[in-house]
Amino acid sequence: MVDIIINFLKIVIVFSLLMLCVSIMTWVERRLSAVIQYRLGPNRVGPFGLFQPIADGVKFLQKEDIIPAEAHKLFYVLAPALAVIPALCAFAVIPFGPTVTILGKQIGLVILDLDGGLLWAFASTGLGVYALVLAGWSSNSKFSLIGGLRSSAQMISYELPMALSVVSVVLVSGTLRPTQIVVQQAGSFLHWNIFGGGFQLLGFILFTVAGYAETNRNPFDLPEAEGELVAGYHTEYSGMRFAAFFMAEYINMMTSSALGITLFLGGWQLGLPARWLPEPGWLLWGAQILAFVVKMAFFQFLFVWVRWTLPRFRYDQLMNLGWKGLLPLSLANLAVTAILVVYGVVGH
Amino acid sequence: MELIAFFVLALLLIASALVVITNRNPVTSAVALAFNLVAIAGLYMVLDAQFIGLLQVIVYAGAIMVLILFVIMLLNLREEARAHPVGTFQRILAPVTTLLFAIVIGRAVWLSAPSSFPEKTEGFGTAASLGKELFTRFYYPFEAISLLLIVAMIGAVLLAKRKVS
Amino acid sequence: MIDPRLVLVLSAVLLSLGVVGVLTRRGAISILMCVELMLNAGNLAFITFARINGGPEAQIFVFFVMTLAAAEAAAGLAIVIALFRLRGTTDVDEINLLKW
Amino acid sequence: MLKLIWLIPILPLAGVAINGLFGKRLSRRAVGLIGCGVVLAALLVSAGAVLELSRLPEDARYFETSLGTWIPMGPIGDSGTMTAIPWGFALDPLSSIMILVVTGVGFLIHVYSVGYMEHEDGFARFFVYMNLFMAMMLTLVLGSNLLVTFVGWEGVGLCSYLLIGFFYDRPFDARTGLSCADAGRKAFLVNRIGDFAFVIGMLYLITTFGTLDYRGVAAAINGGGDGHHALLVAVGILLFIGACGKSAQIPLYVWLPDAMAGPTPVSALIHAATMVTAGVYMVVRMSTLYAHAPEAMAVIAVVGALTAIFAATMGITATDIKKVLAYSTVSQLGYMFAAAGVGAWTAAIFHLMTHAFFKALLFLGAGSVIHGQHGEQDITKMGGLRSKLPVTFATFITATLAIAGIFPLAGFFSKDEILWGAWSSGNKIVWGVLALSAGLTAFYMFRLTFLVFYGKYRGEHHTFDHAHESPKAMTVPLMILAALSVVGGWIGIPAVLGKTFLGRDVNVFHHWLAPAVASAHGAPGFGAEHGASLEFALMGLALAIALAGIGVAFVIYRKREGMAASIAQRFRPIYVMWRNLYWVDEFYEATILKPFYATSRFFAGFDRFVIDGLVNATGIVADITGQLLKLFQTGYVRNYALVFLMGVVAILVYLATV
């Protein structure tokens, strides 16, 4: 019974924190883009415009909820929910902190500590495609349909290099359990998988690029390319449903960053040798959770930075990059990693 | 707890399967099937086959069904026509025969299977245990099936390729 | 605890539903989907057997079935696309060139 | 050279290969050169081998070589030893004479053919066949066992068939309506009958003695042959039936006249000089066997004598120049068999040789006549060609004298030896028949000569005006053969003549051959002493009969124009009978072919209505079934799937209930 309560609490906390992060992210994105573009951005609502997301939320709620006449109503309504739910689910296996002891009870700072946790993450993100596809199809608009088709093709294509780079890490760590992978990367940051832990620098880059494509972020935001498709699969959406897609995108960004951190950058590990660390206790645990948050923040910054810096790919370039660039590279990376593991250079 | 999960999932499974076979909109069918597959994955989890369950979601729901959905949209298939009038026989005989079929195999499994599961064995359904088996005892079948995949892939490319004249 | 017989009966029911689908649907893709349904019913039974026996064999069989299903879907859909391009339909009743 | 005897059949075979594969691309000159060259080579090798053989002591004149095992066999018959039939070739005095005759006459005819076939299509094909024939004939005579001989036996039969039907697109005989191809087929089929008996004879031999080797068989028979007397008689007769087919004896002679459908050189080589004598050769080869089977010898003697006179009568009325010669050939072959039948083996072979010379010459002369007149063969339309074809005439008349048995030409000696053999062995009736047929021979041969070369030309004038002597390639062989026809007999001068006039026995031929053939002890009448005077008397008598024949011919065809017609009128039934060849062909047709055709027609009908009916019924049943089953073939996959499912359910229910 206690377990259930603890689990429930964890879910509530993580969920609310994520939502909070999303709202902050909208603000960060706008402020940051303004910085990059030498303008001010939203700065009227609250200090530094920090309450802007709340204002936006109110605006979304107030907007008219339009369902196109020829749309397939069920799927049209279902699609935004389908976008958010898998995105949230994926986050469940991400360890955001070490195992802490509260009131004599050991609690892992992860919602779902599964043996096949990584698979869970992939399964969840894989299901995210349905939202885009269904949204595109049910809107009964050609912009939406093309956007939906593009997104599904893109996600299927980039899932492969992403999965293969993850498999490289799995080869090194010998487990699919994210918490264990993080524990393995303890000690100096040189032991992180990206560096001496697994020599996965290439894997990390591949993962990041594929992650950008998976989340439909610039420069791979073709499903919603404004210039040609108005807004892609969510052209016909408005109000809270539109906001849901928006939210899903940000949650996906965070999930993919968190996954990258967990796999390559030591997760919540501080990256310092054990002898420099204090005894296990709230000081250490707090520092470790903070480390995770900082890493996440860095990735979010990277997302925004890239978005406002790089131009968008053409569709055929996207496919070429995926199938002829990333896929062979990730295969090569996998092969090299396999050799390294076989000869005992890396691995646990 | 597990029993509740089982009955809920079973209900969902049968309901979604019915949607798959009766709904004449292929997209609805496909989505229902995807849902069905995820529900089966859930059932696998309930039966402790964790790895297979997750794989089911990734492979079936995440890849195969998306592909099917993709093709349906690509071909822009609309409502499917009703069964051909010639098939009056068919329409009567098919459900009857199938019912008979269900009764026969249902009875068979009911009579032959034990009434309760044994204790879960150590490492049952984990990726590690299955992976080890796959790459040792089942190495040749594994290679064979990978060959099959390649063949299917090449075949699919050749079939779907537009002829360049 | 769950009664394994119930799971197996559920699997049988799903299989039968898939069979009915194959027997009544006209669209080639729908038939493909019903076949997938049948395959999954089989997989469910396999998993049940695996749980009963406690060994990995049946699970590995499921693994193979999944791979097979993937191959089948790829090849089947390619055929459907080629067919559609050739005949403008995926209705199996319309594809009767070889009849009589 | 002895060791090279296996080369003798192989050499012509090389010619076959070259001309057969590249003949169409080679010039006629090259084809002719190769065709004749390989035969010349074979002739030279043969001559060398025979020379070497002659240097050996008399009782060691035997050489055998093998190209390897042909048919390995288990223990057979009484012998109980492992048997194998080798590709054996053997040279002894008998086969030495044969190879010299075959290659020698063969070479001359090849050369002649170059001229004769000059204007014909299929020049290369002709030489391929001819060379193949040479190879097969040499295999026949050189074979050290019956089976190798049989290979050659069948091979020459094949070549004979191919060459008779050489002008396969031309008609041949107006009376019987045969085409050249039909004639070839007839020859082949009639030969089959004989070959069938031959094979059975061979099988008897090998199952009894466990060997087919000539020496082995002879040794076995000499060792314990009398225990198998009935078998030996049977085998002897069976082999003789085979020889009847090949050598055109009664009742299987009918193919040889029709074999004249082939080009004339073929008639000369195959159907006069060599192949048809294979039967005689074989009988002499098996002389040991026959010596132990006097009943078989009697059969041979009777058949031979009958054939001799029978064919001679048919020759009297024939009007086709080649047919006359063909009947003459049949008659002379009868002579040889009669000789063999009375045990005069050397006489048979001696006559075989001289006959090869003068009959080849006659045929080639006839060919020259035909060639000179652009294909005319009917002697009633000829006449007075003496002036137009001087060389041909000279050589032809030589050969005619030789065949008539006029002293001192070749035919005289050989015929005389046969007659003497018949008389001295006590077969006086045979002697009488042979003497009579000798007279008939002289008569019809001179009839031919007179009709062709004397008198007035009876055909169309421009044919006569354009008649011309043949080219050198043809006349030179004629001259050589003419010379041989004259002197060929001198190597076999009877002992009585030699002793009387030369003071010693100069019958070289007899002594040469003696070790190779069985002394015909046991044959009736042999060993009886006759006086030299009797022999002289008989000799004179035979000569007188021949001269009488010539005289009659002279009177009828030269002195009195129209006498032939009036005689024919007076003895009309006999004339008609001879003219129609005793209706033998018709008889065969009625007794063998007609019933055979009727049976065939019956079975054809049976096949058409019953067998085909069954087949058609199968088809109809399948069709009806198909029409019914078609109803299930809706073309809807789901229907099939449903039936499939029903099957599954049925099986499951069955399994559940069992």
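A few remarks follow.
Order as written gives the chain letters A, B, C and D; numbering starts at 1 within each chain.
Criterion: a contact is a pair of C-beta atoms (placed from the backbone, for glycine too) under 8 Å apart; a residue touches a chain by one contact, two chains touch by 3 or more.
Predicted model only: the values in this text are computed from it and were never measured.
A comparison of C-alpha centroids places C closest to the centre of the full protein.
Averaging C-alpha coordinates per chain places the centre of chain A 29 Å away from that of chain B. Averaged Cα coordinates give chain B a centre that lies 6 Å from the centre of chain C. Distance between chain centres (mean CA atoms), chain A to chain C: 33 Å.
Chain B and chain D have Cα centroids separated by 87 Å. Contacts with at least two other chains are made by residues 634, 636, 638, 642, 645 of chain D. Residue positions 19, 23-25, 93 of chain C are each in touch with at least two other chains. Within chain B, the positions touching two or more other chains are listed as 51, 55, 63, 67, 74, 83-84, 90, 94, 98, 101, 105. You'll find the chains touch as A-B, B-C, B-D, C-D. Every residue of chain A that touches chain B in the complex is listed here, in rising order: 72, 74-75, 114-116, 119-120, 122-123, 126-127, 129-130, 133-134, 136-137, 145, 148-149, 152-153, 155-156, 159, 175-176. Taken together, the chain B residues at the contact with chain C in this complex read 2-3, 6, 10, 13-14, 17-18, 20-21, 26, 29-30, 33, 36-37, 40, 43-44, 46-49, 51-52, 55-56, 59-60, 63-64, 67-68, 71-72, 74-75, 77, 80-84, 90-91, 94-95, 98-99, 101-102, 105-106, 109-110, 113-118, 120-121, 124-125, 129-130, 133-134, 138, 141, 145-146, 148-149, 151-153, 155-160, 162.
Those residues of chain C that touch chain D in the complex are listed here as 19, 22-25, 31, 92-93, 96, 98-100. By the touch criterion given at the top, residues 25, 27-28, 31, 34, 38, 41, 50-51, 54-55, 57-58, 61-63, 66-67, 69-70, 73-74, 126-128 of chain B touch chain A in their complex. Taken together, the chain B residues at the contact with chain D in this complex read 83-84, 86-87, 90, 93-94, 97-98, 100-101, 104-105, 107-108.
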